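The same chain A turns up in both complexes below, where it pairs with chain B and then with chain C.
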Partner chain A sequence: MNSKISVFQFYSILLLTRLLITLTYTPAYTKDITASDMIFQTVLRLVFGIIITVPVFWLNKKYGIERRDKKSTFNKIKAIIFSAVFFYFSVTTVSRLDLFAGTVVFPETDVKFLLLLVVAFCAYGAYLGIEPIARSAVLFIIPVLMSLAFICLMLVKKVDLLNLTPLFYNGALPVFKTALNAVGRTVEYAVIAVSFPFVTGNSKKGFFIWMAVQTLLTAVIFFFEGTILGAFSRMQLFPVYTIASIAQCLFFRGLGTLITGMWILCAFLKISLLIFLQSKLISEAFGVKKTVVTVTVAVLLSAVCLFVSGSVARFNFLDTSYIKFVLIILSVPVLAIAELIGERAKKCVKQ
Partner chain B sequence: MENWYRKKIDEITAPNVEKDEKEPIKAEVSENFKYLESKLTPSFDVKYRKSEVNGIKFGFVMLDGMCDNELITEQLMLPILNGDYGTSDGERVLETAADLISASIDKSIQFELNTAVNEMLSGNLLMFVEGAERAVLFGVQKFPKRSISEPDSETQEKGSKEGFSESFKDNVALLRRRIRTPVLKSEILEVGTTSKTRVCIVYLSDRVNEKILASVRKRIKNASFDVCLGAGYLESFLGNEKASFFSGVGSTERPDVLTAKLSEGKIGIITDGTPYALYVPHIFTEYFHSLDDYLKRPYYAFAIRTLKIASFFIGIFLPGIYVAICTFHQEVIPESMIFDICLQESFVPLPVMIEALIMHLVFEIVKEAGLRMPKSIGNAVSIVGALVIGDAAVSAGLVAAPMLIVIGLTAVSSFVIPSLYDISSLLRAVLIIVGGISGFYGIMIAFAAVVINMTAVSPYGVPFTSPLSPTKTGAWRDLLFRSDWRSLGKKILQTDRLDK
Partner chain C sequence: MRKAVIILISLLCVGTMLNRNAFKEDISNKAVVQGVGIDINDDGTYSVTLEIINTENYSNADGTAKPVMNLHTLKGKTVSSAIKSAYMIDGKIPLLSQNRVIIIGKELTEKGIMPSLDFFIRDAENYPTVQIAAVEGKAEDFFKNASSETTVVSRNIEKILITSDEDTKVSSITLSELVNRFKSSGSSFYMPIISTFKEKDKQEVMSNGTAVFKDGKLVCDLNEEETSALNFLCNKARKGAVNFRFDDVPASISIIKSKVTRKVDFSSENPNFSVKIKLDADLAEMDCDTARNPSESDIKAMGKYAEEKIKYDIEALCNKLYSEKKVDAVGLSRLIYIYYPDKYREKEKNLSEIMTDSQYSVEVEICIRRIGQDYSS
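The block that comes next holds the complex of A and B.
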């Protein structure tokens, strides 16, 4: 029996996975962009995000979800492309977590064991299926949002509006570039493209609500980051963690620990979801057992992440924005447009 | 491979009992007695009695100690032996004799000897009549049993003081007293190839989910074991099939709680010889609800439930978090506090994680000893364990005082919800280890894994984490905050959970 989840559950997963990107965002890679620009670019990337997903929703509306034989050659190619994209993003997520653990949490400890632990638990989550992942997301979303609100509340006193510079201080181009980069970092668009078969409800409405909420959350986080750290945020590896670390509640300090918690919960869901999707796509297209694919993906993921672990140079190479951007553009609008053309041509031949 | 393994396990665990053969009841009483003797000898407690009334031979078989002798003498033997049968035809005599018996005694006709023997072994009196190829069973059971007493582990402030006992008939009667409508159904099944333990499925026919009911029946019928000594045997058959900390099967010692569960459309399973009942489907939030919540003002229920949830999390996380803070995350607590903790911990020769694990182990030992010991000695054990060992360990510098406080608080918190004790004890140990190895990082990963493990449990298609996730806001009126009875009583409670 195919498991199905509701739109609310689906976009809850995506909200957390998208929040993960914001929490772990490293602005050191984006030059010439100021705090105000960072806030503004969230609106721009909302627009870009909607533009690149239009073909996906159009395809779904026009031809439905069960439009092709799952074992057709096109579907096989599609499964390979999406699996590659998801694998790549799994690697970057695990490696980023590994980088965080290795530099911030345990700077003097070898964290390879933890990396393997994370992959193993995520593979277990993927093995359990989409329903447990979705239910967990709904359960996690409450503490995660509450923690975020709590940290923001504790940081209100530290906000300094003078850190905000005029918009487009260094020109408009860096802002557009950053927004496009952000679109490239959003694997959720690719997830949406393959998730229609197991999501019930009004996906379009859910998508717009999700876009609005995640934009708002991102803007709030960037506002605090920009106004508290100012230009100093450019020098931080994980600025959101930094601002949380200077927050204080009564006699408790260092609320960065809360960020660590949120980060891990979100990463757990994201990696589980990506492994699950890989196993689902490959098993459906090639008729292989899901468990076999899950284990294989987990082993490969561990191997690649172990190779990347401990080397910032390798991580930087892996985390290149251009690669991500190309992958997302290829897997989301390009594939959808190709499929649309294919379906239309098929229709014409039939007529 | 899996099939081979299962086959082997079945071979090893298969009970070594003869298969029941169909043996018809014979017309001669002596032949029937011979058969019974061959089956039951030596059994000193099986009593055989032959009597003759107006030339008609009667045979009686019963188990001494399991039948009500007074009832047999006054309401059974007297009418039968003084009866006027007016015929020598065994079949007609048997029917007349059965009719002479008061309606308050259960009667059933048997044609097959093995079934009749099994029923006789349950405390029924078996009667043969010469010339009749049938026998009559009379329900005259009177077992030595414990009277109804207050439940030990589910004490309530305002609730009834009645708890389930080992007699399943009494337990069903306790339910009948609370639900006086014909929709309360009770079905009897048998489990255990040797023990033939009776299991009673109870439900309210107007609201039970038929699919779930069929599944429960099937699972109980397919439960294969030799002897069933308690409802716990059935739990693994009724519960979640996936490996999980949570089974999705609830248990209660209280008839009023089971009544409430039945009214929500759940199914109760009462096992003979077990002083508690199981019910399915069971969901996670039910662990935090108790009868007192419904008997007091809603605000009080809210406070108590919040306290229970907090206790549950303290019981699981506190030692792990303490170990993580001491080992990796000293920055999260104020300097003055961390200095005190560091000072105390510096005298302890063991790493904090090992210290916590040892203290956890010591506590579990004291708890086990207190539980298994006679009550009079149990208290002494607790005093020795908690005060003497604890105080001496701190004085000797083997354990830091903050650690003792943490373990003590954890222990008390974990007893707030006794039904979750086993799970919280296990998870606590796991979290101490991961907290010691990988700090909050590991704790969060373990937490996420436990949550996903929990969300995968879906007993009978009802998600274990509902109505939280999947969200069913209709049931939220009785979640953390309980609505007032005026609004809560308007609809059947939480039945919407049952339909996926």
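The block that comes next holds the complex of A and C.
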């Protein structure tokens, strides 16, 4: 089944999945960085994001999408690397959802059942294919963005600009580190690298619009977080949830529930997309049935997440920024550059 | 996919209901906490008083009404252990998500309050918007004095503090604001002082001043006028009355709109802070014995009196806080941090001395917009 989706649908999925990272970010990854630096680093991560995806778009422009035998050795290695990356990010996404649910939503409850349920339905979503995932993203994007805008509107009165800080107060290094860390947490770059075969339309244009919109959204969220919570945000596990719970509307004492809803929707899409991509890559490269790969991935994912769920130390180890950064750099620019070199060498040999 | 989403949502709901906690922990099995009072004992343990909604029968066997709230005082080595031991009284697990206010006893404010707040910062059930206040004696005694069979003391306190925007004489601070100030404004912060008073044989609560803290410990108390000045300096005096004397009789204006601009100039050796307050106000009350239509010069004069009163109060407060007590409860040092980061870094360690040697200039501009309905001449 070679189903295709439009650029708008594709980047709608990516906008929601990237939004999930912002909504669930934890200040522990952003040590020594102050409120204004947090806002500024969104611009830096935009630049870094564009830089690391240049080889991917260049490769696609120069050699096209259907340039090689899908069952070639290189493609098999590529499929394994990308699948490993997507599996790793699926595990961290499910585990983060588990941490959130276990800490904030149901603090007194064992959420393992919820975790298994989410993985099972994400696997089902992945089994249905990319088109339903894309349609769901387009359906979800309006309520998610409207909820976000509503929360921001309810928070405007609580903004205190004195909570802003001088830029680079602790030096430029923490800001660069945070921006690079954010790039490492953006699995969407790897998704873009393998998405060209099933996305129709001007992907480059869509990419720039997506980058601009997600940077703007992230900057707005960090602005509200920094100016409302100030130093308190550094002490929160999920500061974006905290600002939402501060927002009040009529008789609702806090809008944290809206964030929870957005989070679950975005997580559902992200995990479904990542499982779908793993099954697609592996089945195309090795000729295995998609259903078999999907079920295997879901079972493995559940097992690993259940293991991680038992201890926050395991989660912290798994969620290390350096591992994510290395994986993204390896799968996005390094692999694309290697392929570019390979294609060029092949061309030279032919000539 | 739509089917998958519907099934997922349905199963999530069913799953949550089927959860092992769902059956045994309905609301009547929870101790719904509305207010928490914290005291420290001589042996370093904590006494925590919980104001809990009575979810049991509403009347006794003889038909008399049971009190709306129950008060439990529990002891523990930590605040969390004391709160969690509440289930030993009636088998109910405390639920903090409905907690409105944290009241701190005097002795604890003197010894340092930050360790006792850690649980409320960590606990996901507790809202960061919970109000924090201090009392003169023990928090336990305060709750015992203030509680009656029909009132929820904590809700009354919360209402008073939340509407502090309407009265310049009442200060308020939430948990998140307190922690933010503690972490960023030279470890100084403030909180309202709550007390009880008797009215028609019934105990009522009121806010009567502000407690100022440095490094988590009580430094001094502010009276109502100083609290009003603090609210102006912190840009929290949105509405309320300004009282002054005009023609040697009491007069009052009520604020409609306020704008406070705080600036710092650190080009010389010591910083120079300037505070500019612009108020739009209505004439609320003047010499009612000889009710008259005030002339233009009267209105100007009244504005000037009110301006001088606010200016005097603010200067007195700056003198008290920065020169006498050496505490930056207002957070003006934050301006140095933002606009002169290099100098802040250089002088961070002796910031209180820098603030003591600083100049504070206050400018107040009041525009009286309306004079009320009395046009008799």
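Here, the second predicted complex is superposed on the first by the 349 of 351 C-alpha atoms of A that agree within 3 Å, B and C clash if a C-alpha of one lies under 4 Å from a C-alpha of the other, contacts with A are read in each partner's own complex, and residues count from 1 in each chain.
Going forward, contacts are C-beta pairs under 8 Å (C-beta built on N, C-alpha and C of every residue); 3 or more make two chains touch, one makes a residue touch a chain.
None of the values given here were measured: they were computed from a predicted structure.
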item: A:Gln278 touches, of chain B and chain C: first, second, both or neither?; value: neither
item: Chain B versus chain C as contact partner of A:Leu117, first or second or both or neither; value: both
item: First, second, both or neither for A:Thr42, with chain B first and chain C second; value: neither
item: Which of chain B and chain C A:Asn75 touches, first, second, both or neither; value: neither
item: Touching partner for A:Ser136 - first (chain B), second (chain C), both, neither; value: both
item: Touching partner for A:Leu128 - first (chain B), second (chain C), both, neither; value: both
item: Contacts of A:Phe8 with chain B and chain C, given as first, second, both or neither; value: first
item: Contacts of A:Phe268 with chain B and chain C, given as first, second, both or neither; value: both
item: Touching partner for A:Asn181 - first (chain B), second (chain C), both, neither; value: neither
item: Chain B and chain C contact sites that coincide on chain A, given as residue numbers; value: 106, 113-114, 117-118, 121, 124-125, 128, 132-133, 135-136, 245, 253-254, 268
item: Residue ranges of chain C in contact with chain A within the complex; value: 1-2, 4-5, 7-8, 11-12, 15-16, 19-21, 25, 121, 124-125, 127-129, 176-177, 179-180, 182-184, 331, 334-335, 337-339, 341, 345
item: Chain A-touching residues of chain B, taken from the complex the two chains share; value: 242, 328-329, 331-334, 337, 437-442, 444-445, 447-449, 451-453, 455-456, 458, 463, 465, 468-471
item: Complex contacts: residues of chain A adjacent to chain C; value: 103-104, 106-110, 113-114, 117-118, 121, 124-125, 128, 132-133, 135-136, 162-166, 169, 229-232, 234-235, 242, 245-246, 248, 253-254, 268
item: Complex contacts: residues of chain A adjacent to chain B; value: 6, 8-9, 101, 105-106, 113-114, 117-118, 121, 124-125, 128-129, 131-140, 245, 251-255, 257, 260-261, 264-265, 268-269, 272
